[in-house]
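Comments concern the structure below.
Naming follows writing order (A, B, C and D), and every chain is counted from residue 1.
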């Protein structure tokens, strides 16, 4: 029983994805620079999204080695933060994503933002909520296909 | 020659992707509602990203039938707009995205925002620039793999 | 004693400022339109601030008649919401605003955003926190100069 | 004639306001820190506004000594930028601000964002446009009351 709990806890931990947030003072130039630094350091980008103002941007990314990525960006004087998100896949059919969001909504888990892409038969979503652990448990309990950190980083 | 130009123009037009932007007064509840309306109307979401403030969100999406999607959302009193973006694929390897951004940067095309996901051997990107047509031409001239509207909508 | 409590409660309520948030699909044109509608309807703007993305804006405002303002904008098909903020004045001297923010910080009240202007000997601030009522009580307890709704609307 | 032009040019330059933009990784804590650093360094804040996402904020400010302010914040490892805005005053009456925005709109000058406060008989506005110099000339030509950098910094 104890082993079972520890295993579940480990599984939960592995479902928490570390997302990088990078402040871009100048959207075009700095955006390019971030991806160039990643290229030189062999860091792969699994997902990305820019939240923008007229002048600036905040680049959110899921990358292959989050801590290393943060360190190489900080060396180049970028403002970088790590926050926790979850990732899951749904069938790439109308209404499938609504079903996942309804599960979270019914459990009173609020969503701060999400980003995703549909490829072939699946849609892949990264999602930030106010309660990452509860979101994972609700989605698991409802047989949604969560994507673990180790799976996402190597995509 | 004339036929060639018209064909090229048609190809260019087909590379311009119509993106929906929907204002979410209440991030969690309204987000769920949008995807539910799409499910009921058989509209598929190819890509999505939320630009957020503390209280509100702007949901950007590439969907299977942009005009129909806009109309069904407007009927439900959402604020909806259509703007133009481009989409392309790069190999899912470190530095591949940097190369695409460098092409745009060298041509002085500025990027307002982007969002994307890597799946299997490819990364799929949606990108908004101040000059969508020139961005398409530069990426094509450099043998980047652009994704057409018709391909993206049916993904 | 009972009367005293009711009076305090009334005072507290009067310190809660109703802020309008209006979605601007097109920053320049719609911004102008909002203020024109207010001019025609004799609604005065006490404070305003735009939170912007590359393409859109969210115009936050404190106005003389919030409910009427919301209704006239909704008639013109704007997306409008009312949320609660507080407003206070500090001396227009270096460090005075820091003192007010420290009071909130010490009480673990988090700030979502603020906007303000210094004129003559005073700085006027509108502030949105996760706990408006506690913010009011903490600022009052520390002899900060809160501005009531009735005072602000007629400014 | 030459002297006249130089004087006009000097006047134009003095109407361009230097605005600081500071990235806040953590809205509450860092906000307080910025104003505390300004207090210690005797820097006064004439106007401020936060453009926010769920997690981060961008604090825009007009301060008494912009270059010094940037330097003391950079020493504390804040990401800081300086951009140009204009500031003007209108009568604090319904419709007065609409008139100023109409002047810019008619001259096809687009507005990225603005923030302002009404105090007593006047409304004070800070405004960012895509063409700061033309905005100044249009407002001057229409007898609007521009506020110079030297006046604003000492407010």
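One rule holds for everything that comes next: contacts are C-beta pairs under 8 Å (C-beta built on N, C-alpha and C of every residue); 3 or more make two chains touch, one makes a residue touch a chain.
This is a predicted model, so every value here is computed, not measured.
Colleague: Chain C and chain B are one sequence twice: same or different residues at the contact, by the over-half rule?
Modeller: same
Colleague: Considering A-D alongside B-D, which chain pair is linked by more C-beta pairs in contact?
Modeller: Most C-beta pairs in contact, of the two: A-D.
Colleague: Where the CA atoms of chain A average out and where those of chain B average out, how many Å apart are those spots?
Modeller: Going by mean C-alpha positions, chain A sits 19 Å from chain B.
Colleague: Would you mind pulling out the distance in Å between where the CA atoms of chain A average out and where those of chain D do?
Modeller: Distance between chain centres, rounded to whole Å: 36 Å.
Colleague: Can you work out the whole-Å distance between the CA centroids of chain B and chain D?
Modeller: 34
Colleague: Using the touch rule from the top of the page, what residues of chain C touch 2 or more other chains?
Modeller: 51-54, 112-113
Colleague: Is the chain-to-chain touch network here best called a line, a ring, a star, complete, or other?
Modeller: Complete.
Colleague: Can you check the complex and tell me which residues of chain B touch chain C?
Modeller: It is residues 21, 23, 25, 51, 53-56, 58, 79, 81, 83, 112-113, 128 of chain B that touch chain C.
Colleague: Name, in rising order, each residue of chain A that touches chain B in their complex.
Modeller: Listed in rising order, the residues are 27-29, 31-32, 35-36, 38-52, 57, 64, 92-99, 101-102, 104-105, 109-120, 122-124, 155.
Colleague: Along chain B, where are the residues that touch chain D in the complex?
Modeller: Touch residues, chain B against chain D: 27, 51-54.
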